[in-house]
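In the part that follows, the structures are each spelled out as structure tokens.
You will see chain A twice below: alongside chain B first, and alongside chain C after that.
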Partner chain A sequence: MAEEQGRKWDRCLADSAVKLATGLGVGIVFSVLFFKRRTWPVVFGLGVGLGMGYSNCQQDFRSPYLLHGHMVKEQ
Partner chain B sequence: MAGKILPVLKLATKVTIAGGALYVAYDSGLLGGSEQGSKVIGKAKAAFPPAVDEWVKYFGFELPAFPKIGFAPVEAWNSGVHSSISALSSGPTAVGDYTNQGLQYLKDLAK
Partner chain C sequence: MLRVCLKGANSAARKCLCGNGVPLHPLQQCRSYTSGGSGSSAGKIVAASVLTMGGGVGGTILYANWDPKFRANVEKSIPYSDQVFGLALGPAAPPPVINKPRKVEPVQISSMSEVWKDSKQPKAKEVQRKAEQPDAEGPPAPAPQETLEEASAQVAQILSAIGEVPSVPAPGTHEAEAVPPPAALKGVPAAAAKCTECEHEPAVKERPEGEVAARLAEQDKAEQDLLTSLSSNLEDALGSTAKVTLQAIGAQEAALQAIAQHTRQLREAMEAEAPPDKKSTQWRVLEDALSERSRSVDEAGAAVLKAKAELDKLRGVIDGAKHLKIAAARPSILAAEENLHSMVVDLDSVVTRVQTAQSEAKIVSQYSELVNEAKAQFQKELNSITPEIQANWKGLTGKLTQDDLNSLIAHAHRRIDQLNRELAEQRVREQIHIDSALEQQKLEDKKALEVAISTALEHNREQMRLEQEKKVEETREVMEAEMRTQLRRQAAAHTDHLRDVLKVQEQELRSEAEEILNSSLMEKETEYRRLTQDQLDSFTLDMNAAYARLKGMEEAIDSHVIAEEEARKAHQLWLSVEALNYTLKTAALNDPTEPLEGAVQAIKESCAEDEFAQALATALPSESLSRGVYSEASLRARFYTIRQLARRVALIDETRNSLYQYFLSYLQAMLLFEKAQEAPPAKLSAEDLDTFKLLSYAAYSLEHGDLELAAKLVNQLKGESRRVAQDWLKEARLTLETKQVVSLLSAYANAVGLGTTMAP
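On to the complex of A and B.
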């Protein structure tokens, strides 16, 4: 079980790094194309990437304990 | 007429480029779940040397060989944490021992 926890951390950090880099890249593209090379779209992209990474990590760490319910409609 | 089309064309080009960048990010799985994201790093590492070789051939100059670093931070991290915390936990005891040894040595000198 500790092994699985370690693997989750590895996945989490790798994925967060990827998302951060992607956010930076997309932020730079948008900043250059639409916002006259201002800094804020880059920072925004970094924030979006960080948020996506955090959310994925959270989902991964909570995964055995999350319950998915299904609505059964009356026929 | 042409004066009105040009700004629209510029905007359309910019939107296409931005949309293309977003699509490439989505398509290569950069925006997916944890598993996908961590696999992308592996894929990028595997694809990097052939890409560098292609570019070198295209431009026709020799790049110096990339030094192989035998040290992987990922593997060393756990043992690093372990050694640091062990050192911290045995720190006060070790300091006490050394102090006692030092005092003993001074006492012996004073005799």
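On to the complex of A and C.
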């Protein structure tokens, strides 16, 4: 259990890095392809990537506390 | 060599190509070369073979020198090798041969035979003939007794030495055997007389036979002694008489010779006309001859006397031997008598020869005396006529005068006349003398004839007597042989009778002995049975006692066994609990212990019927069984990482669990400092439920070895820190549980062990 935190962080960081890189890449691609080498798609892509990574991380850390409720439809 | 050969061959080959007739030469040359070459090698071969042969021969000779058996073998197998060996080594040592005693008798025989040969030629044949008769009697005689063989052989040898007779052992033994049968004759009737009583007394029977045998042996020995002494006496006497007779004969012969010489010389002296000095020498020689003759005659007479005395002695000895009447000596006596007889005859013949010679000599001496007388008278007359003339008138012819001569002639004429007258007278008296002489001669002849007749008669009588005695001997021997066979038959019958009687006695004795044996056996058996019965009873008693003791011992042992069993079980339980304890200690720093399953299994086995122990054993958590538990030290060490982590996520719980909160929580952990260890209070208040405080309390309690309190405190954590410390808590709980159960078990085991050891 103690290592779980460590594992979570590793996952998180790896994931974030990947997302970041992907966002960067997509941004660069978009920037190059569609937006005439402007920087704002790159940044946008980076931001997208980072945001996705952050969200994933948070989701991972929160996972033990999430309650899954079931809606019971009354007939 | 080879090259030359090759060259030759090559040239031959070349020449072969060129022509046909030439090639033979080089080939021959080649051959000669090769033969030359092979010649030296042949020489080497020859030398080597010679060396080997020489070595072999030398080795054989050396070994034969060392081992005589090997030498004998080689000499046997290889002809002429004995010569080689003789040359090289000298003759082989022959086995020693003992021959000396044998040689003595032949020497004796030869000497005696030489002595007796010339005088005994006609007699020797008779003696041999007579000796051969007892030989003929000897062989048909039965087998000789062994006890007398040696003595008889000696006697036979003595006899042969004396009498020039081949060795005759049979008669000696025969004679000796002839003696025991008469002795046995005496002994057997006594034995027979006693035997009739002996049927009932077997012990007495044997005695007389033994005595008889002893007596026989004694008699034989006595006879043998007598025989030997007698024969020795005879031999001595014969020898001495023979010597003396020989001497007498020799002396007689010498006397004969002397007489003959004397008469011859006398006659020569009478008839020869020698000069006076030679005459005197002649007369002196004659005188010497005369003296010698007289001396030799005297010697001869003395020798004859001695010989006669010896002969008489011998005769006396023979008569004495005859008086002893020993049969064995008879042939020796006979032979001695024959010898005596022959000696007497020889002596007599020699004496007669000497006497004739003496009478001749007397005639010649008388003649010489007459001649001397006549010469003396003539000399006297001459001297009376011519006193100046000396005796040797023959040599004095130149010195005599005419008158002397005339007187001498006249004297001579007168003498002649006288002699003529005497001669006429003599002629007249001659007839008378002749008649008287004839008568005397007749008388003497008659006497001599009578003497000769008497001696011849005596000789014949002697011979007849000897023959008769020999015949008597033969018949006696035959009779004795017959007697012996009869006796043997009787002895055989006797032995058969004895055998039968003995058999009967044997049967009786045997039956008696068997009865006695059976009765004694019965007694012994009853005795034995009684003894065995006693033994058996005592043995049974002992066995019962022993059995009872054994039973008591067995019960005691069983009770002991039970107690020991209990003790063993308790011990085992305790051991297994100790093992479990030990396994708990095997935890490495960060690894759990060995799985406790084995030890727990052992415990379960060791206390199969103990419910409490079983319950306890099953109360152990399965995790500890399968995986093992962590030690306190490892939990303690682990706690610090848990504490770090729990501090870091102290703000995170169900409501606050975003990443921002995580960041804030990390910030708090970095900025907030609390005591590393704080002693927990006895009671926890609400503000003590702060994470950091709880953690320090737990740390403190851990440091002081109180895992339980630490676990309790850690249990109070909330939120994410709780989640983080969850598995540590679980481990701590496991460890605590296991430890509790184990301590319970060990206490129980100790209690049980203590209980069992207190048992009696």
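Throughout what follows, the second predicted complex is superposed on the first by the 75 of 75 C-alpha atoms of A that agree within 3 Å, B and C clash if a C-alpha of one lies under 4 Å from a C-alpha of the other, contacts with A are read in each partner's own complex, and residues count from 1 in each chain.
One rule holds in what follows: a contact is a pair of C-beta atoms (placed from the backbone, for glycine too) under 8 Å apart; a residue touches a chain by one contact, two chains touch by 3 or more.
A quick note: this is a predicted structure, and the numbers were derived from the prediction, not measured.
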* Which holds for A:Tyr54: it touches chain B only (first), chain C only (second), both, or neither? -> second
* Return first, second, both or neither, reflecting whether A:Ala17 touches chain B, chain C, both chains, or no partner chain. => first
* Structure fact -> Max touched-residue count on chain A (chain B vs chain C) belongs to chain B
* To do: Could you look at A:Thr39 and tell me whether it touches chain B, chain C, both or neither (first, second, both, neither)?
  => neither
* May I ask you to decide whether A:Pro64 touches chain B, chain C, both, or neither, giving the answer as first, second, both or neither? => second
* **Contacts of A:Gln5 with chain B and chain C, given as first, second, both or neither** => second
* Asked: Intersection of chain A residues contacting chain B with those contacting chain C?
  -> 57
* Of chain A, residues touching chain B in the complex -> 6, 10-12, 14-19, 22, 25-26, 29-30, 33-34, 52-53, 56-57, 59-60
* To do: Write out the stretch or stretches of chain C touching chain A in their complex.
  => 638, 641-642, 645, 648-649, 652-654, 657-659, 662, 723-728
* Structure fact -> Listed in rising order, chain A residues that touch chain C in their complex are 1-2, 4-5, 54, 57-58, 61-62, 64-65
* For the complex, which residues does chain B have touching chain A? -> 14, 17-18, 21-22, 25, 30-31, 33-38, 40-41, 74, 78
